[in-house]
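Submitted below is the structure of interest, expressed as structure tokens.
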Amino acid sequence: MVEYVPGIPILKPYIDADNKAYWDAVKEEKFVVQQCNKCKNYYQPPRPMCPECLTLDTMEFVPSTGKGEVYSYIIYTTDKMAYPAMKIPYAVMVVEMEEGVRITANNAPDIDTDEIYIGMPVEVTFAKIDDDLTLYQFKKRKS
Amino acid sequence: MTIQYTDKPIPHPALWGIIYRSSTPFWEGIKEKKLLIQKCKDCGKILHPPRPMCPGCHSTECEHIEASGKGTIYSYTTYSKSPHKSFKAPYSVVLVELDEGPRLISNMVDVKPEDIEIGMPVEVAFDKIDDDLTLYKFKKAG
Amino acid sequence: MARKILEEYMNRKYDADIKPKPALNMIKDKTAIVGIGETKFTRGSGRDEMDMACEAIKKAADDAGIKLEDIDGLETFTLDRTAMPFIVSTLGLKNLRFASEVSFGGGAACAVTLHAAAIVATGVAKNVVCYRSLNESSGHKFGRGDGYAKYMLTAPTPHYGYTFPMGFCTPLSWAGAWGRRWMHEFNVSYEQIGWWAVVLREYANKNPLALFHNKPMTHEDYMNVQMIVEPLRLFDCCVDTDGACAHIVTTAERAKDLKQKPVYILGAGQSAPIEQEIQTVYNRPTIAGLFETWYAAHEAYRVAGVEGKDIDVAELYDPYSLGGIMSLEECDFCERGDAGNFIEGGDNIRVDGKMPTNTSGGLLSEAYIHGFNLVNEGVRQLRGTSYNQVKDPELCMVTAGPGVPSSAMVLRN
Amino acid sequence: MSIKDKTAIAGIGLTEYSTGTDLTEWALASLCIKNAAEDAGITVKDIDGLVKDIDDGWDCSYVQKTLGIDNLLYSSESHWGTSSMLNAISAVASGTANNVVYYRSRKGATSDKRSPSDYRVAKETMDDSISILRIDFYEPFGLVNPVGCAAMIIQRYMNEYNIKPEQMGSVVTGITEYGAKNPLALYTDKAVTMDEYMNSEMVADPIREIECAKGVDAGIAILITRAEMAKDMKQTPAIIMSAAQGAAMNGEFFTGYNQEKMTALPEMVSMGDELYRIAGITAKDVNVAQLDDRFTPMVPMQVEALGFCGAGEGAAFCEARSLPINTAGGSLGEGFMDSNRIVEAVRQVRGTSTSQVDNAEIILYAAGAGGPADGLIIRK
């Protein structure tokens, strides 16, 4: 579980026209994945044009099942290479979603840092950091 | 009249903690109201802006000689609208060619923008802005 | 499973692309590195990066036996803090014909040489110097996360928007994520990984230029040292360095009548595979392999007309030990997924082993000049002047940064 | 060995030029590269090299994601884009890559929505990479932007050869006449009259507001391939006779005041000489010129630096319209992006320009007046 050091700002996501829908959904505690409605491929990170169809207007954001499994993870054990706003130790997981895309996120409070293992079934949940930043995290999932 | 400042800090690398070691002697000299120009110790070439090696003989030994401070206006421009929050418009910026050769960007202290002319003889006049910033400016000579 | 994806996916994709025929290539055997130079590597240079760059370039010119005025081309990284106009005015380059940069940090370590070779091969310029100068120990640190918090409230780029808010903000941790997946897929142990750092430290202890020249380190020291970002420890990290390196590229004919024995460029390649990011490359078919290094190495082999087994000595870009270890597989020096066993005990990568690697101490123990010190070591090996000289090597493989659009080159003496 | 006639511009890709689009720069970059491949008659997957300018934000790792290019064999960047053409040409001519695209994508008009680039992030975050530009000798005195720095050079030039403002006005009227005929020149719907020029407000004396090119939201891609491969592509190839870069002692970016003769634009002279040497021609053989008109008073200076006339005669040369210059209205009309003048040079070769110069055999393009210069000579 990740704890924040008060007073140090947490970097906000870079939002522009291509990924606005993605982060707006996160703010409403919904997790979406970008899909091209022509070739049906999922894409992460969101982008303005589909690499298969080379079209701009076919890119949509569809709700995700939110289910996935831990594909890889790291644990910051010292502050040397960590971000100062998070208390040490904290983990970051790379989760492979059922749609096939891989998302990086912290573990939710119900998962301890040393409980994480590759292949662990997880499910998306949300954490309201402050009034203009909500982030997704992953919690345990009974597979 | 001379350039007018707002309350915002004047843009200067020291403000952002950036050091150009090769021009540190130059700015130290300005604090003591001396115009120190870089000169290559081996071939005597005058170098401006200061640099770590002499392009003529590639020696890295240089010294700083004090310039007379005399020169002429080589070029100038006047901003009618201020492009930066620290300066009040209108203001003029001049390019002064020192007798020793180097050309320095600066401001005039006693000449109105419309009276500045290329070729006008000038002389250095130091302006202590605050403890860590003194600027070299120029006034009409003779 | 990852082995099948990597072999099947990469080979099929790479062979399908139509690439320029090697016969058309004007670089192979027609260009050479003729001069190398570097400043002293320190932890606090107290000098401007421009000052060190000029010293390294001057030394490279002296080594090659050419005057500074003969240099009419400049190649460096986009991250370099020395702008072309000031290099021209400080070195007195009267007739500059070409000046360019390559992006992606360490991934450009061999790309600068490839671009320089393309420029001299097509006659645009005669002598192009590739240089890199940085104060990463006393000045701007590229690998640290704390710098961002001071100035920014938003992630600097869209891709970082998916990682920085989660506190996932440094190259070492990004590499830790695909490193761990590789260890998981091919069950590599922490003990096995340690041998890379140990052998490189042995090399550094015999190399007076190396920062850790007089600091021995045993495998036991490695196992007891602090874990920085699991799975990577302190001794798995490269050493932040102040210093500069440079090497000069010209045509093979001009190289003949210069001071040093020329080191010819047999083949060089650049790469930027799919779903490419700056080390946060998690959306590929698998992350248990370095696509960038594989594509760049195999493009260099294709142009050079050689294979992994023909290489006598390698200088693999290792900002963290995993980067170098996994590159052993990408360059076909060992089987896919077998790099852990290959370096166990360290003999295979020692100076008389199957594949002597990073013989100057690499980025872990010699210095971290973003790969330029590896190029200089590769040139020394082929000239026969290295402090850990491999017995008369013919071919040397140099690779650039993993996890970013990368590059690689095969050098021959 | 030389690059003469070895490569050709086979495809041009444009997005709409606009004063404000909601497309991001990533979308603009992807669109213009896609259009360049279509124009050349090849598929996007045939592109194996991408070259860009460090000040644009979207490097090849982003653009590949939207174009589905499997792998690139060549990618490079350069400050102020001065080496982009030479990078692409040397990549193709040396047999390293087949089809290299030089792409620019920039929201110059809505610059607050521009995306970060290493260079801009460093400047905004006060990162010490600002030491790239020696600002300690300029910014404390209020010389803080390119128009002021350029004005310093132009003032000296007008004084040295006592050029009248009306002569500088004729440069603007000439270029905007071409711009009025070009629908893409969104900043020039009609030619500027001399009165409008004289009444235009002074920004940094002697540069007037009407003499400054404005930013534009656009993506422009230029596809370069080997000359013989271009022959069997869709468009008439624009054969590249030569390309060059120029630098000079004490040169900087608009602040090279310690050059011996800054008004002679020494970088442009060095670049021009190399262009003519490689191409084996002289200035007299050039039929059309696309020159750097970010600040139009620099155009007469470039005409002199490139050998079209003697020192100090540039303004009279432009006044007499002795050579068609910026035949699509230049950056003054289409917005400040150097590559749009390369596009116009290619239109002249293809015969599709809105101000087509008849028997336009040899066209010269130049950029970087007052700083590191680059240029190109192309022909049918």
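Letters are used for the chains, namely A, B, C and D, taken in the order the chains are written, and counting of residues starts over at 1 for each.
Following the convention adopted for this analysis, contacts are C-beta pairs under 8 Å (C-beta built on N, C-alpha and C of every residue); 3 or more make two chains touch, one makes a residue touch a chain.
As the structure is a computational prediction, the values presented were derived from the model and not from experiment.
Asks: Which chain has its C-alpha centroid at the greatest distance from the C-alpha centroid of chain B?
Replies: A
Asks: Between chain B and chain D, what is the separation of their C-alpha centroids in Å?
Replies: 32
Asks: Could you give the separation in Å between the centres of chain B and chain C, each centre being the mean of its C-alpha atoms?
Replies: 42
Asks: Find the geometric centre of each of chain A and chain B from their Cα atoms only, then give the gap between the two centres in Å, rounded to an integer.
Replies: Computed value for the inter-centroid distance: 53 Å.
Asks: Give the residues of chain B that touch two or more other chains, as numbers and ranges in rising order.
Replies: 20, 55
Asks: Please output the residue numbers of chain D that touch at least 2 other chains, ranges allowed.
Replies: Expected reply: 26, 62, 64-65, 68, 115-116, 126, 128, 131, 134, 249.
Asks: Identify all positions of chain A at which a residue touches two or more other chains, and write them in rising order.
Replies: Touching at least two other chains: 14, 16, 18, 45.
Asks: So which chains actually touch one another? I want all the pairs, not just one.
Replies: Per the contact definition above, the touching pairs are A-C, A-D, B-C, B-D, C-D.
Asks: Note which residues of chain B are touching chain C in the complex, please.
Replies: Residues 19-22, 51-56, 58, 60.
Asks: Looking at the complex, which residues from chain A come into contact with chain D?
Replies: So the residues of chain A in touch with chain D come to 14, 16-18, 43, 45, 47-52, 54, 56.
Asks: Can you list the residues on chain C that touch chain B in the complex?
Replies: Residues of chain C touching chain B: 46-48, 50-51, 54-55, 58, 68, 86, 89-92.
Asks: For chain D, which residues are in contact with chain B within the complex?
Replies: Chain D residues touching chain B: 126, 128, 130-131, 134-145, 147-148, 151-153, 155-156, 159, 201-206, 249, 255, 257-258.
Asks: Sort out for me which residues of chain D touch chain A in the complex.
Replies: Residues 22-24, 26-27, 30-31, 34, 44, 62, 64-68, 113, 115-116 of chain D touch chain A in their complex.
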